[in-house]
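Common to both upcoming complexes is subunit A, partnered first by subunit B, then by subunit C.
And now, the complex of A and B:
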């Protein structure tokens, strides 16, 4: 019972915070709501006893993604107030994009065979960090390395773009 | 006879608190079963009691550590330091805290009120959550999570959001600059720390805080195997808690006080509390990862843990009062061009040694 109370609590937190991200006119507030929403997702992972994934969720998404988002917002001209509020003309494309994403997620949810997936999941409460590590370096080593290469390429690309800008000034 | 048993229990609690504590826990549950209330409530109450104990420790420890810093810096500068309130000035920080708490709670009119009030809370939350997995002794840990050290890295990132929020909400250029600097600094120095900790986790074979200490049993402290990692950790950790020579986020001579410029009274007290608790936490993590945690002869484990932690705290204070502040571009270069490559090589060598020896 306690588990379902916590689940609905976290789910409500994710949804309400997610909604606030979209409707809040103040970009900085939106970023803070985003952090809260991602924190709720970490809570769901804890309920699923995926402690490692929960830790990584907080470390990467809140500790890095939201921090960088806030960093960028801080660099804009007007630091408080609604000057940076998104334009209302973007409503139609935004709705279209969200509808497409929602359709994709819902179709994936309907197609998934939940029963057989559930039976293959490791026992709840077990420490699955070791299992994740083992799988990443055996069965999933090719996708894992591919993602690493992609991230490395993005990193080097960003450095190259930035250094070209400063090079022209000198 | 009974007296002897009691002494035995106290001895057990001092030296190996895990077993008697869990016995007490089972006894509580048995007693609770007499009432017709679900045991979830008892567990909740125990959790609250543990959290309250940790909070109490945070508050008292901060009082003492601030006094210690003031006395220590006075020694280094050939001054006396606080010596008026109480014997040896011991009650100085208590008086200061009371003053801060009863001060008027000022919210400047141009600030973003909600975020301005929230920011010190977020910073303190990040610090407080980290305290929960510090292993003071064998079993003396609020929650020995299986992802222990990863959890510390994760929740300490919450504080960055608090600093950025405080800097932004103050609507003040110095505060904003301070917040930005602290975020850039913490993100840059978190990476060497992460890489260094990876080496330790590889050596210990676990991320559990208790497990890491147990892996060093028999005085095989990881500082012997990973001396470079220890140095990198100390330097980078010092930068992460924004202390001199890495105190650019609140550099008095450049930014007034950085992100805390507009804060006063109670809210300022929260930033201050978090700052000094972070100093303790960083030292405690260094002790857990490199200096064998609670291990030591004669004294009970938690006494050793406190002694070692305060030794590291002293080294960090010594660094603070010895070196001048470094420049912001040097700060970034130092992390990305020196600490990170050295940490990566260290990790690679550790991996090769573990694999082949």
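And now, the complex of A and C:
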């Protein structure tokens, strides 16, 4: 019962905040709604008892990505106004495309026979952070290292891309 | 009782909201924020399937962690490019970035 209340609360939070991200004309408000939506997703992870992913979601997405987005929004000047209005001619095709996508995914979900694929054991509430840590340093050590190289490359790339312009001006 | 269906329907709805944003918005930063919504829809699916189909293994959650890391790298680079274009051309709207078009 408590699970249902929490799930529907988080789901409503995610969807309403996501909708506000998409339709809000003020970029700064959109970024704050995005933070709320991502927080709801973290709540869904807690509900699925994957606490490590929930913590990473809050740290990386809300703590890093949204804050970085707000920095960039503040550095560009067209935060609000008609410049940010949605493209009028694109609204109907976009509604059609997104509704069809949702209908396709949901109908595919309804037609699939999940009962035979489900695990027999019910999802336990146990914390599996230890298992994730062990897998990251045994079976998944190569992708783990590859991701660290990717993050380093992104860091250096971002510095080079942004600093190039000022260097030429001076 | 919340089943796998609930989580996948939530994820499909969030995914379609993200698609709506990517198509309708002009501002490149908002398009990027809509992309974050799409990444999160995918991640909800990953974790939900991991919990319901193979609860003793954690592969789905590891996939979600890698998606978060790659999405962070992607958004850092995209924001850097948007900022560089803005400094040079005073433009943040995606349909005004037409340097390559005559």
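Here is the rule we go by: the second predicted complex is superposed on the first by the 120 of 170 C-alpha atoms of A that agree within 3 Å, B and C clash if a C-alpha of one lies under 4 Å from a C-alpha of the other, contacts with A are read in each partner's own complex, and residues count from 1 in each chain.
Quick note on the criterion: a residue touches a chain if its C-beta (ideal position, glycine included) is under 8 Å from a C-beta of that chain, and two chains touch if they have at least 3 such contacts.
As the structure is a computational prediction, the values presented were derived from the model and not from experiment.
Colleague: Just subunit B (first), just subunit C (second), both, or neither: which does A:142 touch?
Modeller: A:142 sits against neither subunit B nor subunit C.
Colleague: Determine, under the contact definition given at the top, whether A:56 touches first (subunit B), second (subunit C), both, or neither.
Modeller: both
Colleague: Just subunit B (first), just subunit C (second), both, or neither: which does A:157 touch?
Modeller: second
Colleague: So in the superposed three-chain picture, is A:64 touching just subunit B, just subunit C, both, or none of them (first/second/both/neither)?
Modeller: both
Colleague: A:117 contacts which: subunit B (first), subunit C (second), both, neither?
Modeller: After superposing on A, A:117 lies in contact with subunit C but is clear of subunit B.
Colleague: After superposing on the shared chain, does subunit C or subunit B touch more subunit A residues?
Modeller: After superposing on chain A, more of subunit A is contacted by C.
Colleague: After superposition on the shared chain, which partner residues are touched by A:34: those of subunit B (first), subunit C (second), both, or neither?
Modeller: second
Colleague: Could you tell me if A:74 is touching subunit B, subunit C, both of them or neither one (first, second, both, neither)?
Modeller: A:74 contacts subunit B only, not subunit C.
Colleague: Pick one for A:19: touches subunit B only (first), subunit C only (second), both, or neither.
Modeller: A:19 contacts subunit C only, not subunit B.
Colleague: Jot down the residues of subunit A that show up as touching in both complexes, subunit B in one and subunit C in the other.
Modeller: Looking at subunit A, the two contact sets intersect at 52, 56, 64, 68, 73, 75.
Colleague: For a test of understanding, state which residues of subunit A touch subunit C in their complex under the given definition.
Modeller: 3-4, 7, 11, 14-15, 18-19, 21-22, 27, 30-31, 34, 37-38, 41, 44-45, 47-50, 52-53, 56-57, 60-61, 64-65, 68-69, 72-73, 75-76, 78, 83-87, 90-91, 93-95, 97-99, 101-102, 105-106, 109-110, 114, 117-119, 121-124, 128, 131-132, 135-136, 140, 143, 147, 150-151, 153-155, 157-158, 161-162, 164-166
Colleague: Could you list, by residue number, the parts of subunit C that touch subunit A in their complex?
Modeller: Subunit C residues touching subunit A: 1-2, 4-21, 23-27, 29-30, 32-34, 36-37, 40, 43-44, 47-48, 50-56, 58-59, 61-62, 64-66, 68-77, 79-84, 86-88, 92-93, 95.
Colleague: Could you pull out which subunit B residues touch subunit A in their complex?
Modeller: 40, 110-112, 115, 118, 145-147, 150-151, 153-155, 157-158, 160-161, 164-165, 167-169, 171, 176, 179-180, 183-184, 187, 190, 207
Colleague: Per the contact definition, I'd like the list of subunit A residues that touch subunit B in the complex.
Modeller: Interface residues on subunit A, with respect to subunit B: 2, 26, 28-29, 32, 35, 51-52, 54-56, 58-59, 62-64, 66-68, 70-71, 73-75, 79-80, 127, 129.
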